[in-house]
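Here is the structure we will look at.
To keep things simple, chains are lettered A, B, C, D, E and F as they appear, and every chain counts its residues starting from 1.
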Amino acid sequence: MRDVQFQTSYLIHPAGSCLASYGDTKVICTVSLEDRVPSFLEGRGCGWLTAEYGMLPGSTGGGRKQREIGKRDGRSTEIQRLIGRSLRASVDMEKLGERTLTVDCDVIQADGGTRTASVSGGWVALYEALSALAEREGRGGADYYLKGQLAAVSVGIVDGQVVCDLDYAHDSRAEVDMNIVKLEEAFVELQGTGEKGTFSSEQLASLIAAADEGLTFIFQKQRDALKIDSGFTFRQ
Amino acid sequence: MRDVQFQTSYLIHPAGSCLASYGDTKVICTVSLEDRVPSFLEGRGCGWLTAEYGMLPGSTGGGRKQREIGKRDGRSTEIQRLIGRSLRASVDMEKLGERTLTVDCDVIQADGGTRTASVSGGWVALYEALSALAEREGRGGADYYLKGQLAAVSVGIVDGQVVCDLDYAHDSRAEVDMNIVKLEEAFVELQGTGEKGTFSSEQLASLIAAADEGLTFIFQKQRDALKIDSGFTFRQ
Amino acid sequence: MRDVQFQTSYLIHPAGSCLASYGDTKVICTVSLEDRVPSFLEGRGCGWLTAEYGMLPGSTGGGRKQREIGKRDGRSTEIQRLIGRSLRASVDMEKLGERTLTVDCDVIQADGGTRTASVSGGWVALYEALSALAEREGRGGADYYLKGQLAAVSVGIVDGQVVCDLDYAHDSRAEVDMNIVKLEEAFVELQGTGEKGTFSSEQLASLIAAADEGLTFIFQKQRDALKIDSGFTFRQ
Amino acid sequence: MRDVQFQTSYLIHPAGSCLASYGDTKVICTVSLEDRVPSFLEGRGCGWLTAEYGMLPGSTGGGRKQREIGKRDGRSTEIQRLIGRSLRASVDMEKLGERTLTVDCDVIQADGGTRTASVSGGWVALYEALSALAEREGRGGADYYLKGQLAAVSVGIVDGQVVCDLDYAHDSRAEVDMNIVKLEEAFVELQGTGEKGTFSSEQLASLIAAADEGLTFIFQKQRDALKIDSGFTFRQ
Amino acid sequence: MRDVQFQTSYLIHPAGSCLASYGDTKVICTVSLEDRVPSFLEGRGCGWLTAEYGMLPGSTGGGRKQREIGKRDGRSTEIQRLIGRSLRASVDMEKLGERTLTVDCDVIQADGGTRTASVSGGWVALYEALSALAEREGRGGADYYLKGQLAAVSVGIVDGQVVCDLDYAHDSRAEVDMNIVKLEEAFVELQGTGEKGTFSSEQLASLIAAADEGLTFIFQKQRDALKIDSGFTFRQ
Amino acid sequence: MRDVQFQTSYLIHPAGSCLASYGDTKVICTVSLEDRVPSFLEGRGCGWLTAEYGMLPGSTGGGRKQREIGKRDGRSTEIQRLIGRSLRASVDMEKLGERTLTVDCDVIQADGGTRTASVSGGWVALYEALSALAEREGRGGADYYLKGQLAAVSVGIVDGQVVCDLDYAHDSRAEVDMNIVKLEEAFVELQGTGEKGTFSSEQLASLIAAADEGLTFIFQKQRDALKIDSGFTFRQ
């Protein structure tokens, strides 16, 4: 497990912001809030959350990454859909009301796990934005709008061994690669890919066990950063 | 479980083609073969496989689907990446040599499960295209180029019950939705999403068991369509 | 003249649909209906009809056809404008009222004549959609909204001979190529091109005569498919 | 018939250029020449000709025309394909050799007939460019590379009367609208559209007769502008 | 200094139009007027002015310029922003009221100085459009809406010498290149670039002095074209 | 004058990188180096430098900035061209040889002066990248490839007073706004805009004097960050 850090209130303009680090992977997560919803939700009294993911040109090893001007690449699209679905699962959209949260995750340095750092850091920035909203609206705290605490970690099988929170060196050699997002104890997303080698039910069980350990560690780091009391329980 | 059909040699021009039906869901899968690989693979002696996914404007209920002229939508991008990764896992790229297989999956009628029908139907079209190649190259049969038989099915939790091969009515109400791709006995892709409701480890186990049953049924339908003897074993 | 078939009610979701075959050329034609018109027509009490044309990647011989993601190619644009103008000529837009008909013609297999098969098949799908509308509105039948029966055929000069309904082998060798669309007895579109060889007034007359014969045959096939009584006359 | 003018050598940079006027319609036609052909023609010893058509934002009545940045509109695409096919029919591609002629037709003022003015003016600019080429190559004159003289005119039925060379006021009221391109005596393109009203075989004959008269007038104007002797005959 | 000409009322459709020539550089400038403003200005009672700049394919030496279909090139973007800012500085937006002026500058022949010819010619077309507006609104003359007379000129250092109004041959050899826009006596834009060689404060002073001389000449040419009395003073 | 900081070696992957801060404005500048040049420079033995500029969605006050997917906005295009021209002026392209330097400037927090911070920070990152190159090539130091030290500052007239290094509050109220880039003592770029109010020659002189003071301060900050001895002189 690499070191994990969440630097809150990282930028001055957004409603919430966080610099999330999983080892050398660094992602700026920002949240903005608008008082309207996409047209397909108008008039239902429910809110919405959408996410976008990008990588700065200088973020990657092995040469500069071209900007996605002109078209979004497939990998970014897939990742931002995962981030959006995950974070939506943590928000009580009826409590939020007709508002849209936009979570931007911009990778400034990549070393594996950018999507999991984005989900966990995105949740920290979300908590910050919802705390400010709760204060304006007299709602106690961010937890009023939240169904629980959410984080993500990657696990994989590298040289036959289960590894948690893969860096780039691991990731590029992994036979199996799985991203797990949990809301408290429950799965929100489970995405396992065995493009270079398939996996059995037994291996699946080991991967999930390793992820659970990693998530316990990350949940604590989020609480430390946000100064959430360790005894605090999100009602669900 | 809905009725599943694979109509082989569906079109006259492509190297392989199949009309895959999962209930009312109908997908035209075609395979083309080129004697070159993308530049990042040149000179390595290995082949490549890529997939594209689309929906005809008249394929969906609830109104016409706009054509993706100008930009690919996020859902299509995500689906075609899943189809590509899955089918790549079934091909022995060194045996294939410096060639590219392009699998096109075009939905002419949608009623849930279009991505799983695309994977299973895509594999049937792939088998057809590789049979023709094997004949031209004197390689016995398609199995020379294949690591095994591949199929996909969706499972979900609807009103608290596990359901296999969800149609649209199920899918839109499902609390949890999972797509499972297996190469013979082993997992290739496992994508579970609990956007509307999370899921526990116990539920995960039930979903996987239901998928296994469904896949046994679909594997048999593929074999029937391709006239693969039931005793035939792919070497791996 | 090749065999011509129109398979009605081909798909379950669209208001009208048809699989049109001119020999090995196969086109899925679907019609959708919306209760609004483009902004340039708002408030005039008139309807509108627009058409789109596409080819599936596996539809063509001589290699896979790339998808038109990012931009529409010139040929498709030209064809869909012809289809739209032709079908519009058959509809009484005042009777239709402020509604838009969208006709999608997607070629699943191409062997010459895809634009003429699209026009004739599009009219069959249109008739089907307007029949359903007539029933909902208590208007008797589709003919309430129609100015007459419409079909299209190609004619050309190949090796000095006039040929009707050119397949790909003819089309690629033709000195002159002409597409003719008629609403009953009258011309709606006449597009002759002599890129490889010009044509005289006498040849024009022979081409038109050949087209008339072909159209008589196609009109009958449309009536058979739609079960329109042979004695029925569209009022105009 | 409106006044028709061709102002040759209109610009200093292109190989050939012409300002074509059909009444108030004014089109800048320029021709450039490159010593290579598109990849589908390489190695065949034949040349190619392609055309592009555009309208300046201030060219139209009824408000500014938006620039086609981002995408080509359907009408422009259709028109430029017509211009390209027509002009190609006048060039002997084997004599031209592996070169590409690009003809740009940019409308600076529109009052009906922009496509026919583009074809006729494009041919004048083409003649100018090929004259210069003939001189450099010691080929006598432009006629070495040409199959004959080419021009275009529109005809239509307005209030039941046949009209030749329609201005915008006519065009917008026409029941039938036809564009005719001839290479000397023979048809190259014939595009008749009866969107607002169909046409009979008799009407077709009258339209063609009117076009012939108009073309005689335009052919003479081209010869005057290019100082081609009235007795000169293009060998074909 | 090259010859400078402004041909007013160049086209029949736009509110104002001008063919501006700086030597062989020729730009068609047209102005259109709409009774609405962009959304960011709605309800403020102020007008807006925006500019677009383009080059026809046959306008340049050294080969055909590709059309900017699909994307705007960086140089054009930079130039049209300069033209827009410059012309906006000459208009009293409160007097104009909630209207938008769109100035299109289309280069038909380029020989250096296209951006300065566009600014000066754009102002002439603007004056013409505002004269017509003043007449309709009973406002006396165009000067009601204007803060003053505006023109632009380029200056540069070529082979160590200061040159005013650079043609292409000068421009491509210039060590320093500066564009200066003045509203009467005052600077509106000053853009100096020393990409090929830096410049000192003394050189800056000489360049500005040369520009002042050039602008005096151009201001007079604008007045001649628009028939503005030489004694007339714009109130500011 | 606001505080100015350059944090060198900010990221691990790029050849050079710097976090530049001008007050609350923060820009990540990264430099990558490739062993090839754009096609228009091939075979001349000279190098090239290009710049790109972007803003993260959470970087701005007054709401989220939309990503430039699909098209580059005009302001970004204009800025990145300024950055590129400026930085190119500092590099000796013949010494660099056939290599391309790409400088990416990504604003993570904006409070006025993002383009000047990008130029000055870009030069720091450039120095870092060229130091590493000099070491690999045995060239002593970065100064081998450089014509001198380069920095930029903005100056403006706010409420009639000259201000140096404008923050957003100043910038949005400024009557005149000027960006000045100097290579040592000499001007490289001078871009003054008086959209909201013109400026006189006297004001121009005061603005330039204020910029000179600001640049002295920024040059020193660059030297401190890069540990360039204060007595060191770039040969030119």
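Just so it is clear, a residue touches a chain if its C-beta (ideal position, glycine included) is under 8 Å from a C-beta of that chain, and two chains touch if they have at least 3 such contacts.
Treat the numbers as computed from the prediction; the structure is a model and nothing was measured.
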Least hop count linking subunit C to subunit D through chains in contact: 1
Chain of greatest Cα-centre distance to subunit D: A
Dist(centroid_CA(subunit B), centroid_CA(subunit E)) in Å evaluates to 59
Once you find the CA centre of subunit A and the CA centre of subunit E, what distance in Å lies between them? 51
Which positions in subunit A are in touch with at least two other chains? 70-72
Output ring sequence (origin subunit D, second subunit E) reads D, E, F, A, B, C
Using the touch definition from the top, list the residues of subunit D that touch subunit C in their complex. 71-72, 74-75, 77-78, 80-81, 85, 88-89, 178, 182-183, 185-195, 198-201, 204, 208
Any idea which subunit B residues touch subunit C in the complex? 11-14, 17, 24, 28, 30-32, 34, 52, 54, 56-61, 63-64, 67-72, 102, 104, 106, 108-110
